[in-house]
Amino acid sequence: MSRLTSLADRLRAGETLLSAWSSIPDPVTMEAVAATAFDTVVLDMQHGGHDDGSILRCLPAVISAGKPAIVRVPVGRFDMASRALDFGADAVIAPMINTIEDARTFAAAMKYPPVGGRSWGPTIGLARRGVTGGQSYLECANAQTLAFAMIETREAYAIADDILDVDGIDGVFVGPSDFSIAWSGGHRIDPLMDDMMEAIGDIAAKATARGKLSAIYAINPAICAKYEAMGYRLMAVATEGLYMAAGAAAMVGEARAAMKKG
Amino acid sequence: MSRLTSLADRLRAGETLLSAWSSIPDPVTMEAVAATAFDTVVLDMQHGGHDDGSILRCLPAVISAGKPAIVRVPVGRFDMASRALDFGADAVIAPMINTIEDARTFAAAMKYPPVGGRSWGPTIGLARRGVTGGQSYLECANAQTLAFAMIETREAYAIADDILDVDGIDGVFVGPSDFSIAWSGGHRIDPLMDDMMEAIGDIAAKATARGKLSAIYAINPAICAKYEAMGYRLMAVATEGLYMAAGAAAMVGEARAAMKKG
Amino acid sequence: MSRLTSLADRLRAGETLLSAWSSIPDPVTMEAVAATAFDTVVLDMQHGGHDDGSILRCLPAVISAGKPAIVRVPVGRFDMASRALDFGADAVIAPMINTIEDARTFAAAMKYPPVGGRSWGPTIGLARRGVTGGQSYLECANAQTLAFAMIETREAYAIADDILDVDGIDGVFVGPSDFSIAWSGGHRIDPLMDDMMEAIGDIAAKATARGKLSAIYAINPAICAKYEAMGYRLMAVATEGLYMAAGAAAMVGEARAAMKKG
Amino acid sequence: MSRLTSLADRLRAGETLLSAWSSIPDPVTMEAVAATAFDTVVLDMQHGGHDDGSILRCLPAVISAGKPAIVRVPVGRFDMASRALDFGADAVIAPMINTIEDARTFAAAMKYPPVGGRSWGPTIGLARRGVTGGQSYLECANAQTLAFAMIETREAYAIADDILDVDGIDGVFVGPSDFSIAWSGGHRIDPLMDDMMEAIGDIAAKATARGKLSAIYAINPAICAKYEAMGYRLMAVATEGLYMAAGAAAMVGEARAAMKKG
Amino acid sequence: MSRLTSLADRLRAGETLLSAWSSIPDPVTMEAVAATAFDTVVLDMQHGGHDDGSILRCLPAVISAGKPAIVRVPVGRFDMASRALDFGADAVIAPMINTIEDARTFAAAMKYPPVGGRSWGPTIGLARRGVTGGQSYLECANAQTLAFAMIETREAYAIADDILDVDGIDGVFVGPSDFSIAWSGGHRIDPLMDDMMEAIGDIAAKATARGKLSAIYAINPAICAKYEAMGYRLMAVATEGLYMAAGAAAMVGEARAAMKKG
Amino acid sequence: MSRLTSLADRLRAGETLLSAWSSIPDPVTMEAVAATAFDTVVLDMQHGGHDDGSILRCLPAVISAGKPAIVRVPVGRFDMASRALDFGADAVIAPMINTIEDARTFAAAMKYPPVGGRSWGPTIGLARRGVTGGQSYLECANAQTLAFAMIETREAYAIADDILDVDGIDGVFVGPSDFSIAWSGGHRIDPLMDDMMEAIGDIAAKATARGKLSAIYAINPAICAKYEAMGYRLMAVATEGLYMAAGAAAMVGEARAAMKKG
């Protein structure tokens, strides 16, 4: 099960991974996203355009590229957390895990008994990874597929310890945009807001202390070094629309500049 | 018909336009492509992944962005040249126009009688542009939608004058990759090949001499200045996969560099 | 943010709007629906065929037509209420809001803190409306996007006052078909049932009394005047299959009649 | 093969049929179109949005509705004429049949040897119609599936007799819009143009004289009686966007009028 | 309403039905699945690739084939249980019904008042079945569409009696794979596990004792006889990927064997 | 370029390959087809449901499975022959190659200069195969991608020698169904027709004599041994609908038989 094991193993070994962020629910586009310089891809179903069908149809492009695939489900769509794994995802991010109950329900959808109550049926994903033999998958799946709980409100931060202690939660994924709205009482949207940085660092510290994983969304590449210093080891950067905009702007700029010079 | 008239008017007025190049047949992706810094978009059905259905479904995103939309049809798919216009395209590029017959057949598909034999039925495109009244469209369509004949072989170059003289052909679009294969007798693929540059410049000169338009594919932004100096006024640069790759590489590079420094 | 503000502003200013009702999850069809004489479009995910993907892909056609777009989500799909706004919808209708808890959960998904807990990520929708600058959107979104709670059971009617008082609920949307089943104890389906009309009028009165909005589904155009007199200002009429059937029947009838006369 | 035989049999028996016209390439929409009061449906690939895939996916809705399905292919897409039959169409309309060569090529794609050169492979269509046994289909297909050649230019009109005499051409389909452009030398688009009406009547007369079928596009229902009097027995009216627009306008008008009265 | 009534009537009359199992969310594929020798088709949204849109688009192929259509929804997607019926399904299977609350919520989504709270809006499905007149559908729908609760954990087995007694639950559907994981405390995946067979038989006995229906997933055809002897009357066998694999393997084997012999 | 070279190399080395035949234009279905016991897959655009878009979207599933992918284009769609290669196909089959002109036009679309006139643009396919460096692809593509001309009429058989001698035609693909119609003068469809078998053997002999490849469609696996003895080395068997039907029939039969025994 070599292709399946890598994301969990690499993160647990302390490797720092940079992830592309995909909002566009199209398999041909995903071929391009999976071919970029990023180490992994997050397929976003919460604010991005992905849906059940696009997860099914886009995962093969990421798997073919030899990269781990991570799915962020919409708020409360724990049915889809299981489905994402069934279709071949390596990890799932669940947004707005604000209560212990949320964390437990998420973990239950992600882990087979006795840890959770994930229902059996990984046929599609196993075929995509060339895995045969359900028994061996049953024995390794709970360890090899990752559940990331999003910490992005004051309530969640207040119980971050307890969320991290839930059996079946493998790590946290911090959402700095929502966190800034929460931190400012609804007044500001600023994922780089200074006065919440200490709390963000604290979340990584709590996770590390428990031997769990820390991940975060990075609004731009510049902030990654700071997050890494805090202990974050999986950082998802910007979004594929921004990669395209940046690349195009650079090319248009270069062409226009050269033409101006003549 | 303000939205319809701009590409033809701007090019005829001598403006230099840089075009994005789209290979991915998906409307949501097209929203991102249309939002980049490029002036226009080419939707490629020849080597790119676009097909009849994706042209229909992607054009609204370009039109909504207020940019001209250009469709390159596959070799000999003149039926689709008409359809692209019907769906709302501003211009069509036809590849491998190697004979006068090719040029005439292309022109016939692009222009209403008496210039050509384009069949009436622009309902979808007119609705998309808010145009009502077929009669006024009939009266301006031949002038306002553009037919670009690709010159990309030695045979085509040899009769470039005649192709340009065909009524209904509004300009040439040069394909430097195929031209390099042709120029080297099938031995080299190099769109920047030095010894064919004079011929490429000559094509623009011939077009300009006849009051027709010159366009070209630019493998990278650096070459655009040279093409512009030759007389090219519409340059399509790279492809959306390359914009994404470039933007992602820059971000990954920046993040990795910052993390290394610590 | 002119394109975003109109639905909320127009309804609050007392304008009466008639809405098309779309059940067909296809963007090209949506171009036709958005071009009809209706003022707005409801995209129905509950009983209609719309799904997450079709909302993403159909909203641009409504936005391009310059009309407000309203999404009805399936029962309990509050994750999709947020997503609909993220994709560019102006308003969301949630069916079967039968308890205060339902109303609060719906409001939480629709409104940013401190009113609710809507998660940040409107990138797709803002791009579609040409809005830049997240901060300004954060400041106006709660006021400019509308949450309509459906009142369509006896339980809901009994607590209509309380539902309307929930912070973040902008108005009610009455479902007369379900209401008639409820009113008749499961015995009759009749959206025009006489003996429930007083209650329907009462709901509008309660909303108006609180300065909130009243909307309703109208099974046919004839009933609209009655609803308007009750205070309803947004009426969604029939469905696009019925528009097509009616238009076709009229044309077939006219042709057959003329041919009979000969 | 009862479901297959009806269109050819009914038209040859002299029945007058009114056809819906579909431009929207979506199977769910097609369910609505097929359910209207029209007798048959034309799926338009020339100026409408249909493509190879939508023909494959939309035909079942028409077949399920118990109505004949007719496909108009793009100019020169004779490969698709065969494919439409393979997918289950009852008839194909080919536009711009301007030469005898065009007519022969079209017929060759439509009819099995020895009449033409249609290639064997109707598996998908036969399954859809519940037909088993290829041999019986081979024996009836040439008679039961119909090839309509479009007459819509002066050249075509000049040789209409010869086109009609081509073995394998079952009838003509007149395109009055293109015919008006042709008739006016490119100056006018008016499918109801008076001075071409005699020619249009003449085409029907020629077909009738040869025992072949006459069909025509009717821009509105009012003109159908005139066409029927000329001998036309299959008339395709307007388009599904117009049915929807008409039905919606009637409903909005009725609602607005009632509300005004109060 | 003949096409609608058959599954419920046949199962209640004691007929034993074998069902195909579909994981592939594509309407053209569904035509092939519906044409196989199976009596019915289950469209799986839990572990299979089906989603809201594919249920909408695939049901017509099953209905056209004259076979009952059954939809399995994802865990907790009771909104989709209603939608599946609205789109024309004959029955819905809900996985992981582990509490009485689960069973009641499922029943509420499946049955109109006063039994449950299913919301009115079956327009799409009625059109597909040629049913007109909502009132008659309201009167028969609760009896003619079936709700199957999945029993597949120890908790569910412990309260199987109570689940079966819930008004609106028409029968059980046993998931032997999950049941084996549950039975073995998470240690084994083996849908044919011997020591749980008695319990599986007991579930059917409980259902039969209450006059309710028993259904089960059969990992292979060989086990069906045992299940039937236990009282199961609806057995869903393998999956369409396995039918294809088996058929292809047989053909490749036959060809290779014949070639070896020479 | 290891993944690209195998089909040509294996066939030229004399290996006998059995190919699956795909008519269903869906990538998820293609994952199942590519996973069957067959050595390769033919994606059929002529009589099957594949189209430009499905070729683009389905090829990755075949490539991921490590199997060669072959595309049959519709009659005369030579533009698509080039496109299939651009998207990553290993070979193309062109139907109804009845004249030397047909063969030359097909070869021209398949081979780069100086052999043919294939236009440069294999970006999508090279990315899918992990090939970088256009120059090396240019140097091997003509040898490593295969052009199969279909011989399936008396005219084609009469000039089979000449067709095989066309530079750029790598082999023949025989269509026995059309050949039987041709052989019987349009009277019989029987791909196993005895009296044409000698001619079919003769075609393989002619190809072998010229060092070119022989391929054929096999209506069932039993006939493969005979074809192999004639010299055919690539045999495409039945279709994926038949694999599914056969596998399902076997399972239903087994279950029914076991239940009957009790």
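Read from first to last, the chains carry the letters A, B, C, D, E and F; within each, the first residue is number 1.
One rule holds for everything that comes next: contacts are C-beta pairs under 8 Å (C-beta built on N, C-alpha and C of every residue); 3 or more make two chains touch, one makes a residue touch a chain.
Labels paired with UniProt names: A, B, C, D, E, F = 2,4-dihydroxyhept-2-ene-1,7-dioic acid aldolase.
This structure is a prediction, so every number in the text was calculated from the model and none was measured.
J.: Touching both chain E and chain F, which chains are there?
T.: The common neighbours are A, D.
J.: Quick check on chain B against chain F: do more than half of the interface residue numbers occur in both copies, making it same, or fewer, making it different?
T.: Counting which numbers both chains contribute, under half are shared, so the two copies meet through different residues.
J.: Let me spell it out: compute each chain's centre from its C-alpha atoms, then which one is farthest from chain E's centre?
T.: The chain farthest from chain E, judged by C-alpha centres, is B.
J.: Cα centroid separation between chain D and chain E, in whole Å?
T.: Comparing mean C-alpha positions, chain E is 42 Å from chain D.
J.: Taking the mean of the CA coordinates per chain, how far is chain A from chain D in Å?
T.: Centre-to-centre distance between chain A and chain D: 52 Å.
J.: Mind checking the centre-to-centre distance between chain D and chain F? Centres are C-alpha means, answer in whole Å.
T.: Comparing mean C-alpha positions, chain F is 34 Å from chain D.
J.: Where does chain A touch two or more other chains at once, residue-wise?
T.: Answer for chain A, listing residues that touch two or more other chains: 25, 28, 35, 49, 51-53, 56, 127, 241.
J.: Okay, what are all the chain pairs that touch?
T.: Applying the touch rule to all chain pairs gives A-B, A-C, A-E, A-F, B-C, B-D, B-F, C-D, C-E, D-E, D-F, E-F.
J.: Show which residues of chain E lie in contact with chain C when the two form their complex.
T.: Per the touch definition, chain E meets chain C at residues 51-53, 56, 78-80, 82-83, 86-87, 109, 112-115, 117, 119-124, 127, 134-135, 138.
J.: Show me the residue ranges of chain D that touch chain C in the complex, using the header's touch definition.
T.: 16, 18, 20, 24-26, 28-29, 32-33, 35-38, 49, 218, 220-222, 224-225, 228-229, 235, 237-238, 240-256, 258-259, 261-262
J.: What part of chain F is in contact with chain A in the complex they form?
T.: Touching chain A: residues 27-28, 31, 35, 56-57, 60-61, 63-64, 127-128 of chain F.
J.: Can you check the complex and tell me which residues of chain D touch chain B?
T.: Chain D residues touching chain B: 23, 25, 46-49, 51-54, 74-77, 95-96, 98, 152-153, 175, 177-178, 181-182, 185-186, 188-190, 239, 241.
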